[in-house]
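Worksheet: one structure, shown below.
Each chain carries a letter (A, B, C and D) given by its place in the written order, and its residues are counted from 1.
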Amino acid sequence: MDTFDRLKAAASADWSSYVDHAFVRQLGEGTLPEAAFRTYLVQDYLFLIQFARAWALAAYKSRSIADIRAAQAGLAAILDETDLHVRLCGRWGISPEELQATPEHQATVAYTRFVLDCGMAGDLLDLHVTLAPCVIGYAEIGAKLAPAGVAALGAHPYAEWIGEYAGEGYQGVAANARCLLDDLASRNMTERRFDELAALFGKAARLEADFWQMGLDAGA
Amino acid sequence: MDTFDRLKAAASADWSSYVDHAFVRQLGEGTLPEAAFRTYLVQDYLFLIQFARAWALAAYKSRSIADIRAAQAGLAAILDETDLHVRLCGRWGISPEELQATPEHQATVAYTRFVLDCGMAGDLLDLHVTLAPCVIGYAEIGAKLAPAGVAALGAHPYAEWIGEYAGEGYQGVAANARCLLDDLASRNMTERRFDELAALFGKAARLEADFWQMGLDAGA
Amino acid sequence: MDTFDRLKAAASADWSSYVDHAFVRQLGEGTLPEAAFRTYLVQDYLFLIQFARAWALAAYKSRSIADIRAAQAGLAAILDETDLHVRLCGRWGISPEELQATPEHQATVAYTRFVLDCGMAGDLLDLHVTLAPCVIGYAEIGAKLAPAGVAALGAHPYAEWIGEYAGEGYQGVAANARCLLDDLASRNMTERRFDELAALFGKAARLEADFWQMGLDAGA
Amino acid sequence: MDTFDRLKAAASADWSSYVDHAFVRQLGEGTLPEAAFRTYLVQDYLFLIQFARAWALAAYKSRSIADIRAAQAGLAAILDETDLHVRLCGRWGISPEELQATPEHQATVAYTRFVLDCGMAGDLLDLHVTLAPCVIGYAEIGAKLAPAGVAALGAHPYAEWIGEYAGEGYQGVAANARCLLDDLASRNMTERRFDELAALFGKAARLEADFWQMGLDAGA
């Protein structure tokens, strides 16, 4: 078991509440109301802006030039992802102006600022443990929703979204994030500290579940 | 108009959603379900722990010994308030162990971490502007719910809570906070910046309204 | 060996450069030029202002109310120490106005901002490891300079300063700081991390030695 | 007068102590001892690592995606500059291993951590005001040392270094930094705050002068 699997096992109920959420199920089945998806998409754009700040925080918190470079690459990747997001939103008829003008939902504020605060108050490991449900969890969800591969999604209404996270590119990002977590844990994680980290991880997973719920509520 | 009144005027809809929330009205009329109040009380304890951190942040962000001392007094006052809270909870049958064991609600995470993040990313004025809906708003609510004075509350079920915030002690705390806001604004607030601050203030007020809503939902 | 002794052993040359510095020897022998002592005293006042911020940072970085309270007590103690400092300076003819108007020396900036940055970028253990040369080191120096007790110092020109750090009060503060270091280490220090912490500790000790040197240079 | 010129005028003595330092003069005349230059070069590499962290901090402190992108570009530029530095050091016979193994000098710690701490405790304007003596000052020094242009430097022993900062590329970076300073000032600088910023700017310039002095001392 790597560090990520240990965290999931220690917070399994919270993890299920997130990856098996009704939003995810309906997304996979293609039955998710469009209003739910659109609300999610816009908030996820606002979410990414804060996540870019979280990667910048990782660079600030680094001691070696190698660690700064790794975080800088993460930051650049997130900024690219926001461009993709603007295009994806465009295809759903959401203009850049609408994206910018939408206020953050409570669920968006809660998870993003929780991560930023854990990362600032704690160390790099705290930061990456609370980022993991998002960074690594989306790859797990993507893979689950495209069991026969991205090509087999066909005319699925949410094929583009699922394909993004099920695709090789994002799966590689998540694999790297798992390695980074192991590296940080081998440097800084005592066994006594594991329980604290698992509690942070579980809390982050619940806040992600709340984020799905926000989308679902908007489609009701 | 002092800075606080200007902020309220610029974010009046958000401000009303907070100070005129159904939770506040029912609290004042004594019709608030006990379950709603208890849920609020426990989350407010968890809230105060984060607010103690916010005052510590204000001390860290200070340049002069006078500013450090003022923030230190604020931190000490919050720590005293948590003791009061433990006693108040005790009278409602909530043990310290229950307080510690309750997980933070999304609404608690959202407002507290928003304040901490604004304060860390911005300057002391950003921090105090986002703290203001809580610090100064509670005094406004307290005064509104005890129009004939604390003594006139009699056997009101929530007399102790209302009395705390309507009382002279807390009204003085809020008056000082207004002066501090004016002082910081005179030093650091350009007119161009006012709009940004009013947006942060309005967002903080909405997150406070969400916090009341959390209590109300628990009593439904 | 407790954590502090392990850190000293791992950075013994840096530690000696600090606690056995010529400034310390001359202070103990009473031969330190008054100009050196006065320059030190004024810079140490400016130093304390930043150290108050470091304790505030410790409170901000705390997760439990108990840890916040402990840091708040540390902050309050430093603020009291600055009052003592103002009085001590007064006896050497240095007015509060002169204290405030003196610019920070490079050596003062270097150690204080190093501690604040380590603490912000790292975790509570990083913060307390870099504070330790000052907090615990001064108790070691005080005890060394008053081998026969504070009372035996008699008409020693620096009796008041030595007595402050050799006295029971400060020795207790340092003993608590050692316990805190052990507690944090048992929670968060892997063996792999020890080397990094020892490097930070050694660097902090060298910056303290540079601080003595600044005083000595001023008396030359 | 733009903001940068106003800051220089308000801290003119500190500014001269930096840009007219003996190290700069001897560098321009080609009489600077090689030992002084080499010591400077190695410390400047260590300096850049901390400056990369300062640009990451600017990204973290940004509110809009545009500001994050600008800071990210600054961070990427600094990381590129460290590569150039490794090559330049190589030509002077300093290996990457030697670079990594050299401890930071007090002067390096003092200026870099001062900037990081000002930036964290204050806002983006504080951060950029304290970065300015380095970012913009090096362009001023470069232009001064190559009055007839980079090509005219010929066989000057420090032609490569001077050419780097006198060249079009770096002059453009500095011009952008001046615009950014004006933009931030127009948003966040009250006249009352100007004096505080000028004091921070002057202090940063003095710490830069101390950095030259460190090089000079090593060549004596």
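One rule holds in what follows: a contact is a pair of C-beta atoms (placed from the backbone, for glycine too) under 8 Å apart; a residue touches a chain by one contact, two chains touch by 3 or more.
None of these values were measured; they are calculated from a predicted model.
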item	value
Centroid comparison with chain B (C-alpha atoms), farthest chain	D
Equivalent interface positions on chain A and chain B, same or different at half	same
Centroid distance [mean C-alpha coordinates] between chain C and chain A, Å	43
Interchain centroid distance [CA atoms averaged], chain C/chain D, Å	31
Numbers and ranges of chain C residues touching at least 2 other chains	53, 60, 62, 120-121
In the complex, chain A residues that touch chain C	60-63, 120-123, 126, 186-190, 192-193, 196
Chain D residues within the chain C interface of the complex	53, 103-104, 106-107, 109-110, 113-114, 116-117, 120-121, 203, 206-207, 210
Chain A - residues contacting chain D, complex	49, 52-53, 56-57, 59-60, 62, 64-65, 68-69, 71-72, 75-76, 79, 82
